[in-house]
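The following pair of complexes shares a single chain, chain A, combined with chain B in the former and chain C in the latter.
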Partner chain A sequence: MIWAMLQRFGFLLVFGAFFGLFAAWNPVFLQGGNLLNVIEGSAVLMIIALGMTLIVATGGIDLSVGIALDFGAAFAVVAMKSYGMDWFGATCAGLIGGSVVGIFNAILVIGLRISPFLATLSTFFIGSSVQRIFTNGGGPISHRRMPEEFRNLALGDIYGVPTEAVIATVLVVVYFLILERSIWGRRIHAMGMQRSAAIVAGIQVNRILIMCFIAASVTCAVGGLIAAANIRMFTPLSGFSYLLDAIAAVFIGAALNARGRPSVLGTVAGVLFLSIVANGLNLMGLNFNTKDALQGIILVSALALAVAQQRARHNFAS
Partner chain B sequence: MSRQSAFSLEGVTKKFPGVRALDKASLDVRVGEVHGLIGENGAGKSTVIKVLAGVYQPEEGLVKIGGKTLSQVTPDTVHAEGVRFIHQELHLVPHFTVTESVFLGQELSGRLGLDTKAMREDTEAFLHDVLGVDIPSNRLIRDLTTAERKLVQIARALIDDAAKVVVFDEPTAPLASDEIETVMSAIRRLKEQDIAILYVSHYLSEITDICDRVTVFRQGKTVGVFDNITNQSGGDLVYAMVGRDIADMFPAKVDRATSPGLEVVGLGDGVSFEDISLNVEKGEVLGIAGLIGSGREELIDTIYGLRKAQTGTFQLEGEPLTIKSAAQAVSAGIVLVPRDRRHDGLVLSMTVTENATLATLNQNASLGIENRRVARERTEAQIMALDIRPPNPDAVTRLLSGGNQQKVVLARWMAKAARVFIFDDPTVGVDVGAKSEIYQLIDDLATGGACVIVSSSDPVELQGICDRIAIMMRGKIIGELQTRHLSVDELVSAITGAKEIENSTYAD
Partner chain C sequence: MQTKSVRHRGTRELAGYLPLIIFAGVLVYISVNAPNFLTLRNLELILMQSLPVVLVCAGLGVVVMAGGDDVVSGGIDLSIPATAVLSAGIAAVMLTQGWPLAVCGIAAFIACMIVGLLNAALVTRIGMTPLLTTLAMFVAVVGVNNVITSSRRINVDHPFIVALRAQDVLGIPLGIAVVAAVVAVIYFATHKTRWGLHLQAAGGGRDAAEISGLPVRRLLGQSFVLAAFTGFICGFFVLARGSGSSPGVQDNLMLEMVLATFLGAAFSARRVVTMWGAVLGAVLVAAISIGFKSMGVNVFWTGLIKGSLIVVVVAFSALAQRGR
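Coming up: the complex of A and B.
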């Protein structure tokens, strides 16, 4: 009985238990300001993870999300600094910079038929190198006198809600509608689950794949704009730090999904889980070196229970 | 001449959900004979091989080898008793040499690791002495002809000299006609060494050519054992194979008004078939018959844009048409019910509604956002119309039976209001009841003015539902038959090459 309950709500229970532990350990954890911080701080990861969700839903993976973020940031900063563009021009430049990465991925995957893993890995290598060459070895390009409007992408607020959180939320809604409610989402999931059946059903899988790679990289570029606005500079290769967290968030979400599929809401849960656990462990004042290990242990135990939960659900269904 | 039994199966029954794949079937193969096993698709041939191999555990029945009953039939015990299998697929690594392939997993070792010299000599000796061919042992597999690869595969199974029984499953399927004799003479040599051989094939001409005795399966039962096989036995075998009690499964043949439909001229893929011209009118059901390896499957894939055509043109209702992808075919109104519905037909983890609406998503959406209520209602109507069970639009298609899965694929294309329906082996793995419903649906489509192409490995099915049948053999259409006065026996004779087609109506 208890075991069955544990199986069915395992992930939530583990999450709840740690939530309680964090709250008990340090009252600051539960304060509105802290939780808002967590959400604001996870906005960029959320955006990157959305792009990743889209690619994983097609049946692939995108290891170049960080490159798209870097390109978004670089194009925008250079547009403002070297070409004196205003915030709007810089934003457009950043998005175009991101789309370059997506188009390159699409050429490798669809044109040359390289598997998404290897194709985006190549993009990652090439993109990293391009950044180092462009910055003479990886030095940041700072732009202290950024237009106020551009800086507000990260530092401003809309009716008291941080702008970056608003942007992330809007993107979550858009992604949810497209991937989970639209006919395109249905096609994306169909090809991700069973590509040959999708082809026989007359779905233009290549066209969809091209659109998805471009959309994902442009989305990641939005993350790059926010990151650049936040620190008023472009730091080469900074996108890499989001890659593993984004993959983790997508697959945590997939583990929670009834079909084991990547989903937008699952990814949101994955991102919040990662961010909240990281924040909670921070507030516990743990040794920096033990923190990662603890985070891993929490993740593994929560996922093990999520899998058990899925198995229980499956037995229940059949 | 009554030799002793090499192995036998007695009263074997094997059930799968919804079907009895084997129903008290028996089979007795004697030492030093080539024993043919024939039957239509689904008759239980492959199941019996898997029972003998220890892959399937039967519910009832005995497996005897060399006169003694095996208490446990597992792949290991069977191998220990000297039973070897030559599977239809070659499973050879292209970059390995002949020797490496023969000894893969059973390498000989000397004092200093692998004894490559001994392995090389053994390989060449075996190929020369036992199989009667000379293939250099250091040649790479990828440089061999298909027949030579088949011989390497045989050598690999028999090199340990412990074989008493060898099962050949469709050994000539991938071979060109002039290569067949190489493999056949190797099999004859094996027989002379008192090895019992079970020979499973669709090609009746080969069966009558090489087999001493033949067992015929139908619907999981042993329906005949023929002791004296001669070149004249073809007709009797076909009769036993087909049976006589199935005619009423099919809708009555009626004359339908026809008008120009899909025309294919000079189609070739450069590999499996060439210069194929077909014409199917609206209101007509055209059958395509052909054994495994005849290029029938590849032809269907090419017409649907899944394979690249090297030559050939299409016309639909008089208008020229390009088909380079399945998406193009579908938008032109040509749809496929594929042979492997679990792989190509359905997205198995999706529900009935999701699968049935996959090709018509636009119709149930506004501004790209799906209206799930409409999709569900439309699907419910189709579930009623096609009698899909369970009648639940939210059922996951993975859990449906074969016949109902096939109906979901059909529902998708009927929603699309297609003009040309291509059915590729539409009733494989479908139970008898659903079969006859699917035949009725195919008939209704033609009556409604659609062009219908049915490609099938089942001659009874082709004779029953088609108006005309094009016969393919080794990549070419060798003739066309009208089914109105055609018997299944005649059709099978034509497909298997037992008899040449006389009054060919094949027009160019």
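Coming up: the complex of A and C.
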């Protein structure tokens, strides 16, 4: 009985234990302002992880999400700074910048039949190099006099809710409806689970893959827009830092999912877990290196626990 | 009819050699444009530079052999570079505190074995996918190493480390000799022994190997431990190459390792990851990086060149595969 409960709610219990620990350590953790901070601070990671969820659901992986983020930020900042575009033009430019990365990935994966891992790895190499060439070595491009509307992507609020949290929430809802509640989502999951069966069933695998790669990188570019608006500049190669967290969030989510599939709600849970742990460790006032190490160890343990729980559930059911 | 099929086989075989031909072409282009490139001194320099990558590639090669070459669901160990940096970090800190080399070596060895055993346990006992396990392990191990070294650069001038970089044995640099010996032993173990054939069978067709009674999970676990061992040795070469341990080495090492190992697959007849392919890939990648540098090409371009190389080589080998 207790064992069965553990299998079902083990991860939740650990999550609760961390929550309690952080709250006991520093009362600030539980204050509304701080929790709102956590959600606001996790918006960009949430957006990147959504893009990653889509690609992992097709059965691949995308190592170039950071490049899509960088390109989104770069195109938007340059559009405003060099071409004097307003916020709407800049946003469109950023999204187009992101789609360039997706189209490139799609050409490599579908046109040249390179596996997604190697294809997106080379996109990562090439994209990083392009940024260093373009910025003459990796210096940031700052744009202090950004249009107010563009700045509001990160700093504004809609009825008191930070804009970036609103954008992330809207994207979560859109992704949820498409991936979990529509015929396209069924097709994507079908090709992710059994590619050959999906082809036999008449699913246009290549067309779906192309759309997914473009959609994922455009989504990541939205994250880039927010990041650029937040610090009023484009910092080359800054997207890389989100890659590992995004992959971890998707796989924690997949392990929590009843069928072991990447899912939008699972990813949301994964992102919130990672962000809350990071925030809580910050508030404990630990040394920077210690905090990093603890975060890594918690990541490994959380993944192991989530997967073990999933396996146990399967054995229990069968 | 017959001549046609023969000719077809000819073009196919040619397509199979294309990756090597492309590399040869690039190297010829470099040596024409950079006159000093083909000197013995420079070739030795290239080999010395590539040693850490060669070692981690050999380790990754074993894991891929045991787990299968599907990157997402098969065998892969991204944590080897982190293990190498951990080994380097522990050795550097303890050497500067005045411990004898043997003690430092044992401490680093134990730490690396813990990482390898953890990888093995998480993958074979709990059933996590290797990609996920080792990626998370990479983050954790780098974090632990940053605590050990306080993210500082630590200079090491211990005679042994200096010897790895600068001493010759019978006219061959000591470092190259050691790495060659390690790679030869791993090659012998994986290709010429019963254990090695079992390992390859496990990766080649997991279900078939399981049905014929091979301990597939144990073999995969052993490959992770062996990979951690190459990381342990690599740590000392990281110290030798950089005259000490510096933070951030692992990122580049990881990218080069993956690049070299999977490029190496394009050199093998069956397009699978092999020990020699991985080693050759590591040396060629180092040769091309150094070559373009000595041609005076801006370093900002190296990522672009490496990325394009993956695309060209892997695309051609996929093309040759399709022709079959």
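One rule holds in what follows: the second predicted complex is superposed on the first by the 314 of 318 C-alpha atoms of A that agree within 3 Å, B and C clash if a C-alpha of one lies under 4 Å from a C-alpha of the other, contacts with A are read in each partner's own complex, and residues count from 1 in each chain.
Going forward, a contact is a pair of C-beta atoms (placed from the backbone, for glycine too) under 8 Å apart; a residue touches a chain by one contact, two chains touch by 3 or more.
All figures in this text were calculated on a predicted structure; none of them were measured in a lab.
Trainee: Should the pairing of chain B and chain C on chain A count as a clash or a fit in the superposition?
Mentor: Overlaying the two complexes on chain A (C-alpha atoms) leaves chain C and chain B fitting together cleanly.
Trainee: In the overlay, answer first, second, both or neither for which of chain B and chain C A:Thr169 touches.
Mentor: Neither partner.
Trainee: If you stack the two complexes on chain A, which partner ends up touching A:Asn257: first (chain B), second (chain C), both, or neither?
Mentor: A:Asn257 sits against neither chain B nor chain C.
Trainee: Go through the superposed model and pick first if A:Thr123 touches only chain B, second if only chain C, both, or neither.
Mentor: After superposing on A, A:Thr123 lies in contact with chain C but is clear of chain B.
Trainee: A:Gln194 in the overlay: touching chain B, chain C, both, or neither? Say first, second, both or neither.
Mentor: first
Trainee: Check the residue A:Asn37 against both partner chains and state whether it touches chain B (first), chain C (second), both, or neither.
Mentor: neither
Trainee: Classify the contacts of A:Asn152 with the two partner chains as first (chain B alone), second (chain C alone), both, or neither.
Mentor: neither
Trainee: After the superposition on chain A, what is the angle at the C-alpha centre of chain A formed with the C-alpha centres of chain B and chain C, rounded to the nearest 10 degrees?
Mentor: Here the answer is 60 degrees.
Trainee: Which of the two partners, first being chain B and second being chain C, lies in contact with A:Ala293: first, second, both, or neither?
Mentor: Second partner only.
Trainee: With the two structures laid over each other on chain A, which partner does A:Ala248 touch: chain B (first), chain C (second), both, or neither?
Mentor: Only chain C is touched by A:Ala248; chain B is not.
Trainee: Chain A residues in contact: does chain B have more, or chain C?
Mentor: More residues of chain A are touched by C.
Trainee: Can you give the closest approach of chain B to chain C, taken over C-alpha atoms and in whole Å, for the superposition?
Mentor: 5
Trainee: By the touch definition above, which chain A residues appear in both interfaces, chain B in one complex and chain C in the other?
Mentor: none
Trainee: Inside the complex, what are the residues of chain C that reach chain A?
Mentor: On the chain C side, the touching residues are 71-72, 118, 122, 126-129, 131-133, 135-144, 146-147, 150-151, 255, 258-259, 262, 298, 300-308, 310-311, 314-315, 318, 322.
Trainee: Can you list the chain A residues touching chain B in their complex?
Mentor: 177-178, 181-184, 186-187, 189-190, 193-194, 196-204, 259, 261, 318
Trainee: Mind listing the chain A positions that touch chain C in their complex?
Mentor: 59-61, 108, 112-119, 121-130, 132-133, 136-137, 244, 247-248, 251, 288-290, 292-297, 299-300, 303-304, 307-308, 311
Trainee: Which residues of chain B touch chain A once you look at their complex with the stated criterion?
Mentor: Touching chain A: residues 304, 306, 325-327, 329-331, 335-336, 338, 343-350, 354, 358-359, 361-362, 364-365, 368-370, 399, 412 of chain B.
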